[in-house]
Amino acid sequence: MELRSEGVLVLRKGRFGKYGGQYVNEILMPALIELEEAFNRYYPTPEFQGEFQSLLRDYGGRPTPLYYAKNFSELVGCKVYLKREDLLCGGSHKLNNALGQALLAKKMGKTRLITETAAGQHGLATVMAGNIFGLETEIFMGVKDMERQASNVKRMKLLGAKITPVKSGAGVLKDAVSDTLREWAACSQTTHYLMGSTVGPHPFPTIVATFQSVIGIEIKQQILKKEGRLPDAILACGSGGSNALGAFKPFIGNKDVKLYFVEGGGESLGADNSAAAFQLGKPGVLHGALMQVLQDEHGQIKPSKTRAAGLNYPGRGPEISYLCETGRVNACYTFDKEVFEAVKVMCRTEGLIPALETAHVIAYLLSHREEFGRGEVVILNYSGRGDKDLKAIMRYFYGP
Amino acid sequence: MELRSEGVLVLRKGRFGKYGGQYVNEILMPALIELEEAFNRYYPTPEFQGEFQSLLRDYGGRPTPLYYAKNFSELVGCKVYLKREDLLCGGSHKLNNALGQALLAKKMGKTRLITETAAGQHGLATVMAGNIFGLETEIFMGVKDMERQASNVKRMKLLGAKITPVKSGAGVLKDAVSDTLREWAACSQTTHYLMGSTVGPHPFPTIVATFQSVIGIEIKQQILKKEGRLPDAILACGSGGSNALGAFKPFIGNKDVKLYFVEGGGESLGADNSAAAFQLGKPGVLHGALMQVLQDEHGQIKPSKTRAAGLNYPGRGPEISYLCETGRVNACYTFDKEVFEAVKVMCRTEGLIPALETAHVIAYLLSHREEFGRGEVVILNYSGRGDKDLKAIMRYFYGP
Amino acid sequence: MDLEEKLLELEKRREGIHMPHVYYGDPNKDFTLKLIKTLVENGADLIEFGIPFSDPTADGPTFQAACERALKKGITPAKCIQGIRNLRKNGLETPLIVTTYYNIPYVTGIRAFLKEIKKAGAQAIIVPDLPVEEADTLLDEGKKIGIHLILQVAPTTNKERLKKITDIASGFIYVIGVEGVTGARENLANSTLKLINRVRRYTDVPLLVGFGISKKEHAAAVVSAGANGVVVGSAYAKIYEKNLEKPEETLPEIAQLAKQIKQGCIEGYRQYLMNNR
Amino acid sequence: MDLEEKLLELEKRREGIHMPHVYYGDPNKDFTLKLIKTLVENGADLIEFGIPFSDPTADGPTFQAACERALKKGITPAKCIQGIRNLRKNGLETPLIVTTYYNIPYVTGIRAFLKEIKKAGAQAIIVPDLPVEEADTLLDEGKKIGIHLILQVAPTTNKERLKKITDIASGFIYVIGVEGVTGARENLANSTLKLINRVRRYTDVPLLVGFGISKKEHAAAVVSAGANGVVVGSAYAKIYEKNLEKPEETLPEIAQLAKQIKQGCIEGYRQYLMNNR
């Protein structure tokens, strides 16, 4: 059976090219099957759509604006629009997915949500959505991430989430995902794992991309209204790929729209100093899916490294892995130093403090101006605001 | 000459009943006159409106949603809608006014903005707007407020504002306003004082209320669409009154819509422990206008006290003073303790962390449920998010 | 003595006018009484008698601190007015010009307040936060009661406003020499001298220049440029605030500055006459 | 010895099967070799030979730590396979069931990997993150090469899946006794016994129960309930991890537990026969 989902050839269910699959323990298979069935059953219904869309609008603040960044455009020389996911309730694109999955979990009769978080944005979105639907939430978070995203830990705690520190491994996202999978194995009948990005076993990548594609759908309408034509390029940062796929999917078939996926270069592309899985990784199986992943020659997964907690994951989701493999999406990266400088540039030109993750696309554009012609219309998916990173940014520029 | 502006009788220019006026040094009079003329000249033009409205929409994120808070409604027993000014770029309603005035300043050929801030929200909005229009910004902030709203100080600094700590008096908003007026006296020909609330000499109260009334205009459209009728009540917190007037003004003539203005009760209504100027103050002249103000029997202005920095001002703007005097608006208050508890309730029911200022309206509704009938439609102007107050809130609930 | 008489007398004596500005009660009442005595004995022609206000937005750091200290000591407007009475009782003849912010007379009631200060012995009032636009009540009541409202003009005041202000001015006009707030300044702004010329074109009412005057040379310069005199405030306060424990010890230094300023006023007038021969 | 032969032999001996699970190289290679020797000498019938993986998502804290220690010591899959060779060279006859996560064979290539472990002397493979849906390649290649893919069933596995899994199972079936991850548990869940019954209805393939088994009583209970044996892993690791400096010192204690578990398996079988007379 051949399926075409938004321009991507799907040869086998849950596969994007060779990527994807369901590499999980038998314990979890029934939960995945149940989830897929529930998604197929509920998602297309008018009831689900009604409830979901009205929450996105009234609670989340959708549609988010597409802002023509005049000052920044003058600086870089092309016509730059920012898709303002930073204005979404909670401060990043994560709520699109969290609301959708929480609603689904509610319909499935689950009473509890678990998830992992790195930047804290997804954890925050999950507890927000959980509270709305009266679902308990438990958030797994690496101890290193808890430290560097301390303000989001506070927010989640205040909202009533149980926060479980993950000490194993390097105490970062990869380890938190592992522990959440372990917890899910113990409670999958009552509890939904609200996966935070387009990673993990099928059907998660598809579900998350579907919920996030509202971003790209809005971009298309908005840019047609503003420019009367499609953009020349769309840039998004990412690790798992949820904000990128959200923005890209409706444009996959529009071959003239160049798509750029910017991952965390970290300090350098040298050994163990980076999160650039498309530069340094190869296909492998992690956390339930075959994807591009940082690993050594023996197949041991390597920890990633970047100052942006939300990009600090060694794997790239199956769909973005496939799209980069086929060349439809350009895989790029920027280094931490450029990223911090990009934060400052956005602060000064447009009065906006971006999240460190988001600053990767800004940095990319700043250091690759020559790739974009003067009249070109370039859209940056502005995935989140920098409130969570305030401490790190201040320390970077003004010392401790 | 009798004017009717949105239902308020204006007997004399810049007066609301007896309140208002222009009690400033001669040095500043020319700047006020110039400002009034510029506002009258530019504001009604399609160019100004076009630029202003498109910034409000694309940069600010307007319209902000009107969210039916189901869980919170169930708790309090009436039908509660939140007007989501917390979703506005920057995290509060302040940007509505800052964008408008900065655009005006630009048209007037000013090169610099100065202002005062307490919660930091207005300072933040001012530097955002300043950066957009390429105007330098200097923010005066009381040293006590700088401490308790430290995260907003960081944001403003990062965005490039010059921040001038105000040590005089109690190091709070009142003192910062005084110092900004002093600074303005030295530079009014090149610099615009971007007044942050509906206070100060004419034309500031009118200009600010005009820019903020977008809130109420949207509320009216939204509630008519959602409920097919006007609301039974609208509640807003305030000190100067900008978010309250913004929400109220389009409803002043709709006598069936009850309007509640909630000021900061502080610790108690006892001596020097409160900011409840409508309870404890009387008419007086401060910072350029006649208004309801906390003062001793000799006419010395008394410092106000509340944990909410943004409500910590001894004066109530002229228009809200008038509306409360005539009884059109109910002047109410809540105490700090109730306010913190209200933060928690909103966190748990709706997944939203409100600003301490905003939590005043939530607290009022929680402690006065009996005033609102089961079927009644009540709108809370949800003026800002609590990110800036995270530290104080955490300390209140979990200790230092 | 009546204000206008006094101004006329100085005019006859061909002297520039020296008006020190003090805030009553800083750091205590007794000191202010002594301070005024010292100033008058050393060349003060008029006294600007400040009633402290909690939020003196036209004042710089020196006078803000002065107000704060006085208020902390429990000074009230009533006590200030009592101070005026005491000065008169002690035989002071120098005209007293009360300065305070508008909320102080407002809460008492404009008429009542003016009557009280008149009865106590004041001749005029300056309200730095009361532009002509808001001055009707005070003007009217002042006229009835016999208290001059001293109006101010500033470098920002345009032609139209200058005309309006000079038209209704009585007593003298307070020329704010710089854009900003009160406070001693090192140098005199060039614009101050231009401003004097500009105002002079509209009126013969005496012009006293204030804000920033702190030296004999300043006084000489503004008077020679056509002003009738100077207001000196923060410069005096800066002397005694160095020794708040025993401010009396600074009175000789204050006396010396007062003499110099007055000397500047006299020399300035001489220069003015030479220039305009 | 061939896996099926061994299982048959144990069946004939009317003994429950005891399969300890170790992670090779924790805390070093030598110890693991000694550990396996000790286990075999004290009643291990099969050995589940774990190749450490960086992200063992089906393992609890004990085995996570074991993997982490081994990897820190530089253990690689190649070294593990060398370990199997060494065991065989030293005369070990016990069937070896390799356990590892799917990425390890995936990066080598499934066929190459299976060939290598076969050549080294392994009989079967367990891949905890490989459900039947993803197992085709490994099943096919395993069949060709002669490596059993040991499939798992869990408490969450429904009828339909049970049928599907049991239909293609070979060697034995690994019954995951609890919802969760590996790790010694104090008590046996009631549901474990029910699950054995449920699976038994679909297949005659031997059933080995793992996850949480840590005591003789557990072994006895599951075997008497109809399982063919038990897998015990973390319980052994928990003994030597207390003395990682000299883990050899803990071998006697491990030997004792191994004997007890085996005793439980034997008693359980006896009980099973009595129950089913």
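We call the chains A, B, C and D, going by the order they appear; numbering starts again at 1 in every chain.
By definition in this document, contacts are C-beta pairs under 8 Å (C-beta built on N, C-alpha and C of every residue); 3 or more make two chains touch, one makes a residue touch a chain.
Quick caveat: nothing in here was measured; it's all calculated off a predicted structure.
Student: Tell me, please, which chain's centre (mean of its C-alpha atoms) is farthest from the centre of chain B?
Tutor: It is D.
Student: Averaged over CA atoms, how far is the centre of chain C from the centre of chain D? Could you give it in whole Å?
Tutor: 98
Student: Return the distance between the CA-based centres of chain B and chain C, expressed in whole Å.
Tutor: Chain centres of chain B and chain C, defined by C-alpha means, are spaced 38 Å apart.
Student: Distance-wise, how many Å sit between the C-alpha centres of chain B and chain D, to the nearest whole number?
Tutor: 68
Student: Which parts of chain A, given as residue numbers and ranges, touch two or more other chains?
Tutor: none
Student: Draw the chains as points, connect those that touch, then say whether the picture is a line, ring, star, complete or other.
Tutor: Topology of touching chains reads as a line.
Student: Which two-chain combinations touch?
Tutor: According to the stated criterion, the contacting chain pairs are A-B, A-D, B-C.
Student: Can you list the chain B residues touching chain C in their complex?
Tutor: Within the complex, chain B contacts chain C at residues 21-31, 168-169, 174, 178, 181-182, 185-189, 282, 284-288, 290, 295, 297-302.
Student: Show which residues of chain C lie in contact with chain B when the two form their complex.
Tutor: 53-61, 64, 68, 71, 76-78, 101-104, 106-108, 128-134, 151-158, 161, 165, 176, 178-181
Student: In the complex formed with chain A, which residues of chain B make contact?
Tutor: 57-61, 64-68, 70-71, 84, 87, 89, 127-132, 134, 151, 154-155, 157-160, 343-344, 347-353, 387, 390-391, 393-394, 397-398
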